[in-house]
Amino acid sequence: MINFSYTIWILILPFFMFLLLGLAGHKLFKAKLSGLLGTGGLGIITILSYITAYRYFFVTGKIEGAFQKITAVNITWLQFTDKLHIDMGVLLDPISVMMLVVITTVSLMVHIYSLGYMKGEKGFERFFSFLSLFSFSMLGLVLATNIFQMYIFWELVGVSSFLLIGFYYQKPSAVRASKKAFIVTRFADLGFLIGILILSFNTKTFDFITLTNPTGTAILQGTGIGFLGLSIMTWSMIFVFMGGVGKSAMFPFHIWLPDAMEGPTPVSALIHAATMVVAGVYLVARMFPIYAISAPVALHVVAYVGAFSSLFAAIIACTQTDIKRVLAYSTMSQIGMMMCALGVASYGGEEGLGYMASMFHLFTHAMFKALLFLGAGAIIHAVHSNYMTDMGGLRKYLPITHITFLIACLTIAGIPPFSAFFSKDEILTAAFHSNKILFGVEYAVAGLTAFYMFRLYFNIFWGKDTQYHHTPHEAPATMTIPLILLAIASLFTGFIPFNKLVTSDSKVLESGLEMMIAIPSVLIGLLGIGIAYVMYRKETSIPDRLATTFKYGYKWAYNKFYIDELYLFVTKKIIFRYIAQPVAWFDRHIVDGTMNAIATVTQVISFRIRGFQSGQLQKYAFVFITGVIMLAIFFIYLWK
Amino acid sequence: MASNQIMFILFSVMIVVFSVLTVTSRRILRAAVYLLFVLVSTSGLYFMLNYQFLAAVQLTLYAGGIVVLIIFSILLTSHISQNFESSGWKKNIFSAIAALIGALLSIITILDYKFSATTEVAQEVNMKLIGKSLLSTGYDGYVLPFEIISVLLLAAMVAAIVVAKKVSPKSAELQNLKQ
Amino acid sequence: MDILSLFVVIPVLTITAILFLKDTRQVRLVSAFGMGLQLLMAALLVFLYLTARHAGNSDEMLFIRDYLWFKSLNIHYAVGVDGISVAMIALTSLVVFAGIFASWEVEFLRKEFFISLILLATGVFGFFISIDLFTMFLFYELAVIPMYLLIGIWGSGPKEYSAMKLTIMLMGGSALLLVGLLGIYFNSSPDATKLTFNILEISKVVIPLPAQRIFFPLTFLGFGVLGALFPFHTWSPDGHASAPTAVSMLHAGVLMKLGGYGAFRVAIFLMPEAAHELSWIFIILTSISVVYGAFGAIAQKDLKYINAYSSVSHCGLVLFAVLMMNQTAMNGAIIQMISHGLMTALFFALIGMLYGRTHTRLINEMGGLMKVIPFLSVCYVIAGLASLGLPGLSGFVAEMTIFVGAFQHHELFYRIVTIMAVSSIVITAVYILRVIAILLLGPTTNEHFEHLPDAKWFEKISVITLIGAVAAIGLVPFWLSTMIGTSLHPIINKILALNPF
Amino acid sequence: MNSGIPLQYFLILATVMFFTGVYGFLTRRNLITILMSVELILNSVNINFLAFNRYLYPHKLEGMFFSVFVIAVAASEAAVAIAIIINIYRRFTTINVEDVNEMKF
């Protein structure tokens, strides 16, 4: 067995960077130095991660044809009972190692990119310290050895996301967005926590290895007992999935994601596209044996929620004009596809294709979506606007951005040989073999994706020739180098043999391209691109006419189907006005009123009694004498 | 009817009548004079009971001292001819009822009770005996209460002076502050 | 050497020293010195305690000292500590220390203020070291009385009303408590030959169940009033709102913990049978406290009111966990007491400092303070995050221990109630973030706020002490949890003996 | 000298005097007349003392001495009371007992 205990430094290092930059950053270092420190720290972590990945996949070797789960480090952090304790540790298995690579790669790119993008911003070192915090929490999340450690880092990820969305804390919209993101995900995390509680009550363990052992006893606990027709295990897994829904911005908890684009663009690329939002997918993948073996109903929920979200988001994405929002909805749509793929999979063998496809897509998606966001950042940097209506014809000014953005768009549209072609194809295959309806939905989503991405592309780089206040210019090298690297990654990651590395039972899964699926999927991608070309290559009136034709549909999609308004109604009107305020009123007037009433009654009575003490000497004497006489009568005549 | 009975009736009637007049008279100086008659009559009773010394004390101290003191204070605080307004009839009636019930109760009890007659020989009360008893420390001696009474009288005298003394401007100010 | 009594002696000596001071400027130095010494003593005590335990001393209580006081009633001055009391003493000394620095700029009757404050602390320390019910009650009363003066004289707003309300309600609670304690006393010996107030001795006998049924609710309610049990919590918002900074800190941070500690040490420990039988009633009340307090906090406009309601919610959680009567939940309850004590003290300190600058506590009159006073604002955010249970800060450790422990209860009813209580974490997040967003973030609304000064050195000491402790518990909870956990064994064994589940 | 007069007569006389005093105490408004009522009450008690002494314990002197002491106390009381009354008159310019009710509540 190879020693992996050094992996703990992957966690310690970013935490240390966070403390260093956060507490002493603005005093000890110049802004630029702290940026370089943060980036350098992350570079070391990236190297460590690559070494770990290499050693895990290619040196350690398999036992009985499967990659083993390795607990590299495990320290008891907090003991609840003999069996229940939170450990802090590092668990290595195919998905965590894969996530390690994804996170460090994208994070490093974003760090480098930010050196240029955030240059001269106030709070530069604060930005890098938050990024370090995020890296720390995200790495802790994927490396968690037990579900509670995951929950801890899950919360930390949420808070670092909160801090980074609200980075421009003087902008009211950013503050609102950060608040919204935190509260919505927090609500979802409540479900996660309840799920953990139920799960741990049944299985008496938090440990992932014990929990997800397909032949162990923990996985069979609570499958029989019913509540509302579903087993307790199913309920707990649905609750756990609720956490994933929140973090991965699935319907109906997706509303925070578009608003989260108020954060700096590198943050959007890192957190809200490539890494944090896929935590939900990762969570389901982590618990996959339980879903597949003990709670198939919960897995169906995963599939349908994923499929619905992907379609829903794709439709909205077609109407948005803020380029970051388009990308946000596209992220939601792609994650929905991953969820759906997980949902249609089952444990082991051929049936586990969806699992592999989902992980594969997660990997490729991280690369090309980060690329898209960073590209969008470069565009915004050049144009100083988020709206595609303010853009057009930018290909002349931003050649590198243009090329890399095009590569990313082609990738997401699923055109071979770009990476997403392979991963998306696997997802469609998995869906096709399991559920035809879901396949249909995903197929439509693939077409819509190609359409809205190229709508974006044509609107930005072609279309009308917009007059700019000052000529847009290409971004500095610190920004373009990550773009180029990520573009290369998008090109070639499709050829990574995921079926040999990351599968549901860690064994090799034989799968190849199925032409029956691959050809139509490419065709619908091309169709989407074609429509977008016709509509947006030149400035035409087709989009407006379409919009007027489907007036109501367009309006609903443009307004995101009014889900935000619904939430606002529920929170502002119902919770605040009909729960919190009445509770406050009740407390002031009923509970406190009762207490005050008791005091008032006492006071009134005592005022009455006080009247007896009139100060009239003769009254006292009269009472005294009457009393004496009465006592005398009593003792003489009545007392026996 | 023996002479002593007649005397007793005379004194009793005087006491009762003048007592009632004392507490009902509308003129304060007259009330004081009625009180004087009551006290004098009482001293008569004391003579009848053969306590000459006490009767003398009663006459000098009460009739001579206290009543004079009272009259002085009346002169200091009110006009001689001042009628004081009658108090509320309610108060009068209730007080009268209480007093009557109390009196009846006591009288009934007194009449019910059988006092055991004594066979002891009566002791002659002369000044020598009184003086000896007052200064004796043995059995039947009253030196302790006597001394206490003397201290009490002294204290009362000092207290009366202190209380009645005119308030100095400074302490009056203080008192006003406190109000 | 009687190390425990020193915790009462040092404050008393400090008070005496203050009495003889002429210069009021020196008063705060002497206070700070005295309480700093107290803090060092607390650290020493923790060290000695852990050493003794490490050396294998497995007595229920350590450092026991016992002096006969009233022979006829068998009242002793008896002191002794276990891990729980040690933790509470450490908490108290931290909060008092921070409180002294937070009230550095009290001008009006400074000498009297510090005397009252330290007198209050004396009561609290005495309460935690006592193992004799009578002395415990004595110190309890000693802690409550100075509160009246502190709020009534140095408070703000309707201070007389609040002081009166607080004192009368707490006194009402202690009336119930006194009856309960006397009830325990008169049942402390099976044959009524040797009645005792000593907790350790009482815990060895079983108080008859009919007596327990009467005295458990009395005792629990008596302590519950101080622990802000619904519906007897209404003194808390008014009291906190009117109290001066340090008093709010001490009150919410430490004094309210007397309720939880007493409920646990006296009510549950001495009368577990009745506790087990009647816990469902109080579980319902406490879970109402938890959710209701949180909802109440959402709709408030005054910072101190928000914090007072959040204290109701958090202290409700303490009593809730205590009533679950299992090792983990009780452990959580104690950690929650400490954690809440620290972070609410931090909150009140910060609110006081903000108020000293902006002269308002209404959140909608403030805004965008982050830019102006970054140090205080960041501290406020940290306090907020601790309060909403962010991992790495103490609140998370406490709440999770409680929730996991409570959810291990074998009866379904308790588990469902636990889920209700868990939902409070979302509501907490809502009001905390609402405050942070309105108060600190966004553009600076009021131009008078543009030139507010950031924290002064004494304010920094106060705040950093508390934040350090909050973070320390949050990052390495293991030692605290173990220290408390081993001390819980006698109680748990007593409960298990009567009801093995 | 007292033969033919039963003890009860004295007692009844004292009772009547006592309750007359009580009545006066309860109804009069002037502080001085109240003081006079008190004197009546004290006197009636003295009569009782002496009557009991003479009829039941003629060989002892307790009753008489107590009467002496009562008279002494009455004298001091009158002196102090009148001093107080004068002081009250100075402060309130009245000696009506109903107007002197500061000591209430």
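The letters A, B, C and D name the chains in turn, as written, and every chain counts its residues from 1.
The rule is simple: a residue touches a chain if its C-beta (ideal position, glycine included) is under 8 Å from a C-beta of that chain, and two chains touch if they have at least 3 such contacts.
As the structure is a computational prediction, the values presented were derived from the model and not from experiment.
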Comparison of A-D and A-C (more C-beta pairs in contact):
A-C
Determine the centre-to-centre distance between chain B and chain C, using the mean Cα coordinates as centres, and give it in whole Å.
68
So, in whole Å, the Cα centroid of chain A is separated from that of chain C by 37
Using CA atom averages as chain centres, what separation in Å is found between chain A and chain D?
97
Distance from the CA centroid of chain A to that of chain B, rounded to the nearest Å?
101
Residues of chain C that touch two or more other chains: which are they?
none
For chain D, residue numbers touching 2 or more other chains are 22, 26-27
Can you tell me which residues of chain A touch two or more of the remaining chains?
618, 622, 625
Identify every two-chain combination in which the chains touch.
A-B, A-C, A-D, B-D
Give the list of chain B residues in touch with chain A in this complex.
91, 94-95, 98, 101-102, 105, 109
What does chain A use to touch chain C in their complex?
76-81, 84, 86, 148, 151-153, 155-156, 159, 166, 169-172, 175-176, 178-179, 182-183, 186-187, 190, 193-194, 197-198, 200-201, 575-576, 579-581, 583-584, 587, 591-592, 594-595, 599
Partner chain D, residues of chain A touching it in the complex
610, 613-618, 621-622, 625
Of all residues in chain B, those that touch chain D in their complex:
2, 4-5, 8, 12, 15-16, 19-20, 22-24, 28, 31-32, 35, 38-39, 42, 45-46, 48-51, 53-54, 57-58, 61-62, 65-66, 69-70, 72-74, 76-78, 84-85, 87, 91-92, 95-96, 98-100, 102-103, 106-107, 110-111, 115-116, 118, 120-123, 125, 129-130, 133-134, 140, 142, 145, 149, 152-153, 155-157, 159-164, 166-167
Using the touch definition up top, name the residues of chain C that touch chain A in the complex.
165, 168-169, 230-235, 237-238, 292, 295-296, 298-300, 309, 327-328, 331, 368, 370-371, 385, 388-392, 396-397, 400-401, 403-405, 407-408, 415, 418-419, 422-423, 425-426, 429-430, 433-434, 437, 440-444, 477-478, 481-482, 485
